[in-house]
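Take a look at the structures listed below.
Two complexes are shown next, each including chain A; its partner changes from chain B in the first to chain C in the second.
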Partner chain A sequence: MTEQEVIELIDSSIAEEFELDRSEMGADANLYTDLGLDSLDTVDMVIVLEGAFNFKIREEEAIRAIRTLGDIHRFVLSKIDQQP
Partner chain B sequence: MKEHSTHSGAKTASSVLTILLMNLWCYALLALWTLLGVCLFPFAFGLCLLVFRWSGDRIARLFIWIYGRGWLVLMSPFVRFRRQQMSVIKPDQPYLFVVNHLSFFDTYCMSLLPVHDITFAVRSWPFKMFWYSGFMRLARYLDVEGSSWEETLSNSKSAFAAGGAVLFFPEGHRSRDGELQRFYSGGFKVAISAGVQLIPLCIDGSDQLLPPDRKLLHPCRITLRALEPIDASLYADEGGHTRLRKLVKDRMTCALTEMRGEKL
Partner chain C sequence: MSLVSVVITGVGIISPLGNDFSTLMRALLAGETGVREVPELEEIGGLRSRLAATVSGINPKLIPRKFRRSMSNMSIYAYLASQQALEMAAYPPAQLGEGRIGVSIGSTLGSTATSENFFKDYFRDHSLERMKSGLFFQLMGHSCAANVMQSLGMTGRMMASSAACATSCQSVGYAYEQIAFGRQDAMLCGGADEFHPLTVATFDVMNAASKDFNQQPESAPRPFDQRRDGVVCGEGSGILLLERKDLALKRGANILADVCGFATASDTSSIANPDVDAMVTCMRLALEDAGLTASEIDYINAHATGTEQGDIAEADALRQLFGDQVPVSSLKGHLGHTMAASGSIELAASVGMLLEQKLIATRNLEQVDDRCAGLAHLQQTRPESVNIILKNNFAMGGVNSTIIIRSSVND
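Let's look at the complex of A and B:
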């Protein structure tokens, strides 16, 4: 999967799960202030990403630092890089 | 012209008087009803434990339902309550209800349902209201914000196993314009994982009772309609919860449009 395909899968999965408008989903979009997500969505976000990429990330400390869609892109890409 | 304006002035004065009377009546009686409930609850609770041999949380849910019914009776001189299609709800069946959210009073309106063993799944803030939190904890209401997903699922399954229902507000917040907002997935995932029937409920009119940023209650009509049950176990495949959520939202949108007499 290319980097662009990974980003597309992340964005489409998140848009589907949280009923978001793709036109508002720039890499700089803050998940909470721009996209309207909140604490209840955090668990669902992890489940969506685990389902889309078939890895386990719920115990990862780095998730807590995620604020923007770009943070998610970078997090997932690095996670894929670390996989054997 | 003058006759028209006199007539309109009399009508305004009459509605102002009605609103004043309603607020004097409702707030005074509701305060008394609440006080009576709090004072009598320990004795009634103990008596029910002895007589029915039910679990404490089930008895607490019964009393909360009765308390809600009391609210509706006290409000009824000024608020017309209507129930529609309640025959789809069978007693002692483990349902998951999802209902749209317009007003603080929506929770009280759930006593319009023909079943009383309902575990509410709510955010953390209602648990911070000290005058309610003790009862909510006793009734084992679900704090979906303060609990893990596993705890919410496990506690929901316990409620279903006892033949009770669990109720979610999938929007998470009250709608400011009456339109359905984004739905959270939690309730749908619980229904699928537990394999129970999901019943969408539509409430209309409660936003007129106490409009946002107002302090005075207003006369209104409140309608609660139950939609056809959906077998959530049919959505256990990948992405099933998203399809179920969309289906429910579509059905609720159509029903609310019809209830409001708007064009589809």
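Let's look at the complex of A and C:
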């Protein structure tokens, strides 16, 4: 999967789950202040990403620092890179 | 006896016969049915009934996702009906968050469909890793009440009676008491339920679900009829806005009807079977609460679901109190049994009968069962001068409930 394909899968999965308008989903969009997500959505976002990429991330410390869509892109790309 | 007068100022309906009050009334007065064949039921082993009265034509996406994510269908129905009731009453939105308006909305269970979907996934590998955050909010017993309050920004009392088929009659009664005793100024109240095959199975296993009319959905259920063969399960929500009468009048609200009496009484003779004496007691207590005698009742909206035992017991109880002097009908022949919503949908329809000055006949009542005879059964919908209505709902678990409403026209 190319980097662009990974980003596309992240964005489409999140857009579908949270019924977001793709045009508002720039990499610098803040998940909470711009996209209107909250703490419950964060729980579901982890499940959506685990389902989309078939990895486990719930216990990852780095998740707590995620604020923007770009943060998610970088986190997932890095996680994929670490996989054997 | 109520300490202050309580009135109904708004009604909201999501039902098998339409998704607003006027559509419901039009369909009931025209004698239509909301019962249909549900082919999916054929795929369930051991289930003999194939009929249901389901809701169609709603758009849940109109509810913001933030609120919808914690809602199963029953909460969606309750929310949409609540919105309608507030709009009909022109209730000031600014007052919703002031703590003086509460909610009393119940359901039979939390969402069975949500529960089924969760366990279907869970049993794949016994993992909770795919469990979404909204699950519990759809499963909890007060899901409808909580979702309505959250989504409408209401901060008053929250009540969520859960008493099977008597749920919403109790919910309205308890709401009436909240206002009557000065604890709240207004209450959104009623019930909601969503269709699931398990509900049908609950009745079918006790030989109390209709199965003889699977190819003729329009002919079932048949309250009080000789050929009745059981319940047809349904879904929906009926929500009424109750207000303290003086405050409603002060804000210029249109009064639809007065709530003048309520009672609920339990019986311990059986957890499943109805008890005639307890039914009589419950109706007597409601009459006493309203300060009325049986002879002052103009119409009885019966619980009568079309089961062998329930209809006979209710007919017996009604005969003891009212003889053949008071017109009686059940709306289950039109609406099926909408479970926790049945009390409040049928009470809303009773409000409609007061407003229209028409009484709606029992659909599918062709030949009255001898054991249900001796009552003034309504077999034709007709204009009638009607001022006071008594409404019953009885439920498994030994629950009996009765509410009495009065026309506000003569005030």
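The rule we apply is simple: the second predicted complex is superposed on the first by the 84 of 84 C-alpha atoms of A that agree within 3 Å, B and C clash if a C-alpha of one lies under 4 Å from a C-alpha of the other, contacts with A are read in each partner's own complex, and residues count from 1 in each chain.
Just so we're on the same page, contacts are C-beta pairs under 8 Å (C-beta built on N, C-alpha and C of every residue); 3 or more make two chains touch, one makes a residue touch a chain.
It should be emphasised that the depicted structure is a prediction, and the values quoted were computed from it without experimental measurement.
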Inquiry  = Output check: A:40 vs chain B and chain C. Expected answer is one of first, second, both, neither. What do you get?
reply    = both
Task = Look at A:50 in the shared chain and tell me whether it touches chain B only, chain C only, both, or neither; answer first, second, both or neither.
result = second
Task = Kindly classify A:16 by the partners it touches after superposition: chain B alone (first), chain C alone (second), both, or neither?
result = first
Inquiry  = Looking at A:3 after the superposition, I want to know if it touches chain B, chain C, both of them or none. Which is it: first, second, both, neither?
reply    = neither
Query = So, A:24: does it touch chain B (first), chain C (second), both, or neither?
reply = neither
Key: Footprint overlap on chain A, comparing chain B with chain C   = 18-19, 36, 38, 40-41, 43-44, 51
Ask   = Which positions of chain A touch chain C when the two form their complex?
value = 18-19, 36, 38, 40-41, 43-44, 47, 50-51, 56, 58
Query = Within the complex, which stretch of chain C touches chain A?
reply = 65-66, 69, 129-134
Note = Within their complex, chain B touches chain A through residues 123, 144-145, 148-149, 172, 182-186, 238-239, 242
Ask   = What residues on chain A touch chain B, complex-wise?
value = 16-19, 36, 38-41, 43-44, 51
